[in-house]
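Chain naming follows the written order as A, B, C and D, and within any one chain the residues start at number 1.
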Amino acid sequence: MDEIAVLIGGKAGEGINIAGSVVVRLIAGCGLRAAMYYDYPSLIKGGHNFAVIRGAVKQPYCHREGLDLVLALDQETVRRHQGRLRAGGGVIYDTGRVRGVEGTGLPLDEIVKEEGAPAVTRNMGLIGAFCKTCAIPWETVETVLRRAVPKAVEANLQVAKRGYEAAEMGRPLPTPTAGGAVLPALTGNEAVALGLVEAGLEGYIAYPMTPSSSILHFLAARQEEFGTSVVHPENEISVMLMALGAAYAGRRVAVGTSGGGFCLMTEGFSLAGMAELPVVVVLAQRPGPSTGVPTYSGQGDLLFALSAGQGEFPRPVAAPATLEEAWYWTGALLDLAWRFQTPAVLLTDKNLGEGMYTFHGAPRRPPLPSVRWDGDGDYRRYAPGPDGVSPLADPGTTGVIVKVNSYTHDERGITVEDQATVARMAKKRKEKEKAMAEVLMGYPSVVTTGDPAAKTALLCWGSTAGVCTEAARDLGLRVVRPVVLSPFPTEQFSAALKGAGQVIAVEENLDGQLARLVRAEGHRVDAMVGKYDGRPFFIEDLERRLKEVGA
Amino acid sequence: MDEIAVLIGGKAGEGINIAGSVVVRLIAGCGLRAAMYYDYPSLIKGGHNFAVIRGAVKQPYCHREGLDLVLALDQETVRRHQGRLRAGGGVIYDTGRVRGVEGTGLPLDEIVKEEGAPAVTRNMGLIGAFCKTCAIPWETVETVLRRAVPKAVEANLQVAKRGYEAAEMGRPLPTPTAGGAVLPALTGNEAVALGLVEAGLEGYIAYPMTPSSSILHFLAARQEEFGTSVVHPENEISVMLMALGAAYAGRRVAVGTSGGGFCLMTEGFSLAGMAELPVVVVLAQRPGPSTGVPTYSGQGDLLFALSAGQGEFPRPVAAPATLEEAWYWTGALLDLAWRFQTPAVLLTDKNLGEGMYTFHGAPRRPPLPSVRWDGDGDYRRYAPGPDGVSPLADPGTTGVIVKVNSYTHDERGITVEDQATVARMAKKRKEKEKAMAEVLMGYPSVVTTGDPAAKTALLCWGSTAGVCTEAARDLGLRVVRPVVLSPFPTEQFSAALKGAGQVIAVEENLDGQLARLVRAEGHRVDAMVGKYDGRPFFIEDLERRLKEVGA
Amino acid sequence: MTWITDAQNTWCPGCGNFAVQHALKDVFSGLVADEGRRPEEFVLVSGIGCHAKIADYLAVNSFYAIHGRTLPVATGIKLANPDLTAVACAGDGDAYAEGLGHLVFAAKRNTDITAIVHDNRVYGLTTGQYTPTSYTGFKGRSTPAGVKERPFNPVELALASGATFVARAYTRRLDHLREVLRRAILHQGFSFVEVLQICATYNNLTGTYHDQVYELEGHDTADLTAALARAREWDYSDDAPIALGVFYESERDHETWPAMGRVPDHRRQEVIRGVLEERR
Amino acid sequence: MTWITDAQNTWCPGCGNFAVQHALKDVFSGLVADEGRRPEEFVLVSGIGCHAKIADYLAVNSFYAIHGRTLPVATGIKLANPDLTAVACAGDGDAYAEGLGHLVFAAKRNTDITAIVHDNRVYGLTTGQYTPTSYTGFKGRSTPAGVKERPFNPVELALASGATFVARAYTRRLDHLREVLRRAILHQGFSFVEVLQICATYNNLTGTYHDQVYELEGHDTADLTAALARAREWDYSDDAPIALGVFYESERDHETWPAMGRVPDHRRQEVIRGVLEERR
């Protein structure tokens, strides 16, 4: 077996997310690659939370139904997930709270008490036992825990040690490929945050909203180090307008939210289009409509992102599938937004943003500097420039007046209503869109995986890429995935789809939004496999569904 | 000549809109049909306003470049529009303000002074002269003016009479067809308002925004008579949420706005989708993005309306082209919204809403009652019902608890997060969409004009229908126009397009939004003729453009 | 009549929301018992947040709305049917941040709604960020170095906005809370009740409140100036005494717009025909 | 230096906006002349409405924004570059209806912005509807039978929200207006200036103001209670005396968030590498 799947479950407040991330880092610490899915309802204490970690020699990006180990802090975990254990799998559990199970039982209350550790370290008992079961050397466990546990490290280590000692070696981890380095582990939201910072973010403005909030928290905690001001104002309308004020005054800013908050930003978003102000919006999807299922995932906002705001204006929209892409494209969107002076959207979702993965490093982006005014003559904010792009100067610059305007305006930024100027300025904005599409030809805007020569092609976008790619590998299919959704990468997409017979869209929504987009761009889609219950596809699940539609 | 085109121009504050509407009613009073386009910049006093009125034997819905009469209150009017006069055309003007023109000159300041009339009645002098020129009998003039002039009727009449006496008969109106009744004249917004009222509107909630405000003003002035409460709250967010509160409590309500205001409503719009609350949004378009060109017209918000709000939910969207359709579809959307418990959008624009036309009466709608609870058993707001529609009861009903919810919920309206219920409720909403599409088969959801057998078909939507139809008549083309844009009327549309070779979209936007929609629905579009300067197509203009793309 | 649904309650142990839920239940049932109110006339509107789950838990009509928007929804409900009794349960994030403007307007219009703000002085459900009433220095997840602003004083703001009933209560004074809520609901016009609510997980101020709260006595609720003075005693950051009780109560017209009603269809048709006649 | 652009001015004859434009121009040029300010440091943010056209007319940096949102834009500008002097010109529809919440928050944070509200007590550009400061009974196009609500008092509201400079001026008292605007801009922190602005077309209150306004004298601008009392003298509907001048002025910290700055790229790279190391 070259992979392992571990589930840890318990109540909200019992540290399931942390425990899961520790398991990821233990597996990574052994030179393997890992992916974690974290499942929790919208409540603070109680209920049922669980994390599933898949470790493998090659980087996993999705999950299977089958599990090898279930670490149970409570009976509910066993009740819900035991059935997923595959042959040879086992349960590690708290004897004080779980009855009627075979496996490795640990009296966690007693252990914690004996070690004088806080109750929340119970999870470490299970983790210790897991490490032993998987034959992870104690030194590795200690090193990882010292790094990964946020507080009370000694207590955590002691409890882990007790678990370690109580368990038996049983199911060693897969053997990593020789020389497999230990990779760092990040959540998707951390990759977004770091990608923004690396690309020169000077301000991050957000109002808390799941599943985007952890970007806010991560950046707030490190704002001094990063030199990025983090601003949490009274609501999303303010978020957007403050961002535009800051962009006008010369700073690189991004905002983050989910669908409901994005609704409130749409008026400002359209303003950005008209005033030609750059901003990057991280739009983290969850199942809608409205409040929906706030701690779960979905892909229901693609068409909304593509057309949000009144009127027509260019807007780069990209949907990354992995940490590496998230990092890369946040930077790329900052570059594009500032080069073309227009708002951009990074479409992510809960599964990517709150999932954790080992991180392989992001590729370098092509250089794309913004167009600065050369200081010659009278400054006009909307003066004609290359590709419809007007050279930028910041307010405060000596001898310069910078006027931006939400009305249709002339080259100086003064309101106009006459036919000729209205049409001319509309064409200027359109020109930027065309130029942007050209520039994007030099980016990995469409990604093909699976068998690039296969007749049947799966179409997907964003975080479903992983499961599609694995299913395609099993079934001998091709996967074509536009990362850039606007301006649509027509040529790259057509090339990627060349020779495909059957085309099947796989999306976490009802309506087949990518399928609609692709059809609007003149391509055929034959079938659609949708999921809209907030949970990601299992590989088995997707393969079954694909066979049903004749893949 | 079976038509006449009259332009009246002057400054804002000089009563150009009223003068134009009086000309419409004079022409209508002679048994003819008329259409008025009103052009004004966004200011209160000064600038240049003008109205163009086309009168004809058959109902006109658009305008030509050529004019027969220019009524000029100032020099600017002559400067701008004299060039549009066709052979035999003439100018009627104020000698006190206009120099260097041939035609009928009137010393309006003196006339007004001599009659002791307010300065704003100057326009009536020109109108009197126009009536004489066009051989409209004085009795007709008097009857119409008594009805059409809002105040100081006698003074207006006296000034008109002076104009009448000073002019010569020159260019009689076309002869109406025998027995042609005198039709009432309305603006598009008045037709929307009356259509809503006729269909049982109980509340209209709006925040002022051009070009929707005149619906608010019209209904506010008559709320007592109509029995429709008119509510103007602090902003559009409140507008939408108040409407949903009222709909929940059992009233039929509509709201009205333009693009920027609609942005602020999108979050509530999505709430309506999830909570299954009906509301009708009148979305009156103007050129965007952002504040744009607020007193002009455009068709840039179609895709936004189709996907506004996070997540997926059914939303009937209809775009009427005429008064009759505006009246009919406001009612139809109220019916549909209440039957299927979901928000609806009536997409209009400035040219339709603020244009004036003679009105032919709206056809009757098929009956479509909402589904009421029969009082049996325990009430559950989201209980399964026919086509996914749950029977309605109002809060306050004895023995009933009505719970609505923005979260995904179970049949009782209580928040849920489990996979099965999340998926089931999503399917319930989708079922309503399918049923709605079926119901719409019984409505005139797609309209074909021109030559239904022609090989070349023009595609259009909303207020460009008139100009497309006339151009099609001249060039021997077919015009296919979906009035319903969501759920897309696939069958009717395919039938209407049957046998078409070349398909050309004509839209008042840059991106070809209907073209995109139609492609997403699996149809071909070969070319696009766009206009995005805020002004409507002239017939000549469109025909030229159509020939350029090979129609 | 049962007042509690069988929905699973997911508030944390020790959460002050339980107190609000019980107090409201008691007030509703009391009004049914001694004022002849019908259980079906109560409509609860809630925002989004921990507090808002009360809409799932109380077995009354409810509109579980979106973040920040309880008051426009409640206003719409009252416009549609003035016979309903509208109670809006909002969080402090809800009422004081996302949707602050609506509070000022509901007060200005004096719409007949009872607004209850579950003021735990933190965003609970999104796991602990500062809100407009968090004390200066509060370390939330978006302000790990401590909030620099000073909080605002919602009682003062409600008074300045023209609310005709303004009170403060505390979730660990259940009897008092119940009494205040009852008076608020009985008041005709806009009632504003700021409830200091314990958040056991993210902002447990039990100690602070224990030391500082007192119940108003001998205070003239008709005196706006006295009310403002009392309101300003404590600035939501310092250790001054915290007054609980009704600060202010008065009467004012509360019909900004005509309630929605329905003219009989045939009458409407006539009126419409009349309009068309005028336009000939 | 010319301070006026060549854009065609389209305000109605007699409109009070001319006064605000001239006063601002004079204040800006005065600050350049006697305080050594740079003309390029001024940034004007405007909403949408008649008032907002001032952004086209004054030859300074400007952000002609959207309806109701001047203050968040100005806040963003100050966060980005604290050396700029941000002046926000809003309408009463803008500042008191559509975007009221932002006013309370700008005041709470004491952000260093000067907010000027061109309060003509009507929506001008949309042709005459009532606003939150229209007097009771005002017949606007959405309220042809007369407004039933009472107006709110923006001066009182600004004081209750914590603004550290609160003043009122009148467009027919140009010298006084100029002086107030200059003080407001010089004030460090949030300055709120309510300008009673004549709308010649839809709400010409010249007579009313002529009879009722007076300039504050001997008033202690450090005394919040006195300021509130003066603010409440006139309720925006009655015929009480209308005080003009500075009601209140004080100092308070105004750095809610750190200004945006930039760490050198190589330093950022190091920090990022450090984070990745921690995550191994």
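Everything below uses one rule, namely that a contact is a pair of C-beta atoms (placed from the backbone, for glycine too) under 8 Å apart; a residue touches a chain by one contact, two chains touch by 3 or more.
Quick caveat, the model's predicted, so the values are computed rather than measured.
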Taking CA centroids for every chain, report which one is farthest away from subunit D.
A
Comparing B-D with B-C, the busier interface by C-beta pairs is B-C
Approximate Å spacing (C-alpha centroids) for the pair subunit A, subunit B:
43
How big is the gap, in whole Å, between where the Cα atoms of subunit B centre and where those of subunit C centre?
41
Rounded Å distance, subunit B centre to subunit D centre (Cα mean):
37
Can you compute the centre-to-centre distance for subunit C and subunit D, using the mean CA position of each chain? Integer Å is fine.
30
Please list all residues of subunit B that touch 2 or more other chains.
41-42, 230, 234-235, 260, 267, 271, 275, 290-291, 406-407
Where does subunit D touch two or more other chains at once, residue-wise?
48, 66, 99-101, 105, 132, 257
Interface residues, subunit C side, partner subunit A - complex:
10-13, 48, 50, 66-68, 97-100, 123-127, 129-130, 132, 141-144, 201
Can you name the residues of subunit C that touch subunit D in the complex?
99-101, 104-105, 108-109, 132, 148-150, 152-153, 156-157, 159-162, 228, 252-253, 255-257
Subunit A contact footprint on subunit D (complex, rising order):
5, 7, 38, 40-41, 43, 45, 48, 53, 55-56, 59-66, 69, 72-81, 83-84, 101-102, 105, 257-263, 265, 267-269, 271-272, 275-280
Footprint of subunit D on subunit B - complex, ascending:
13, 41-47, 206-210, 213, 216-217, 220-221, 230, 232, 234-235, 260, 290-291
Complex contact set, residues of subunit B against subunit A
41-42, 258-260, 262-264, 266-267, 269-271, 273-275, 285, 287-296, 298, 300-301, 303-304, 306-313, 406-408, 417, 419-420, 422-423, 426-427, 430, 509-511, 516-517, 519-522, 532-535
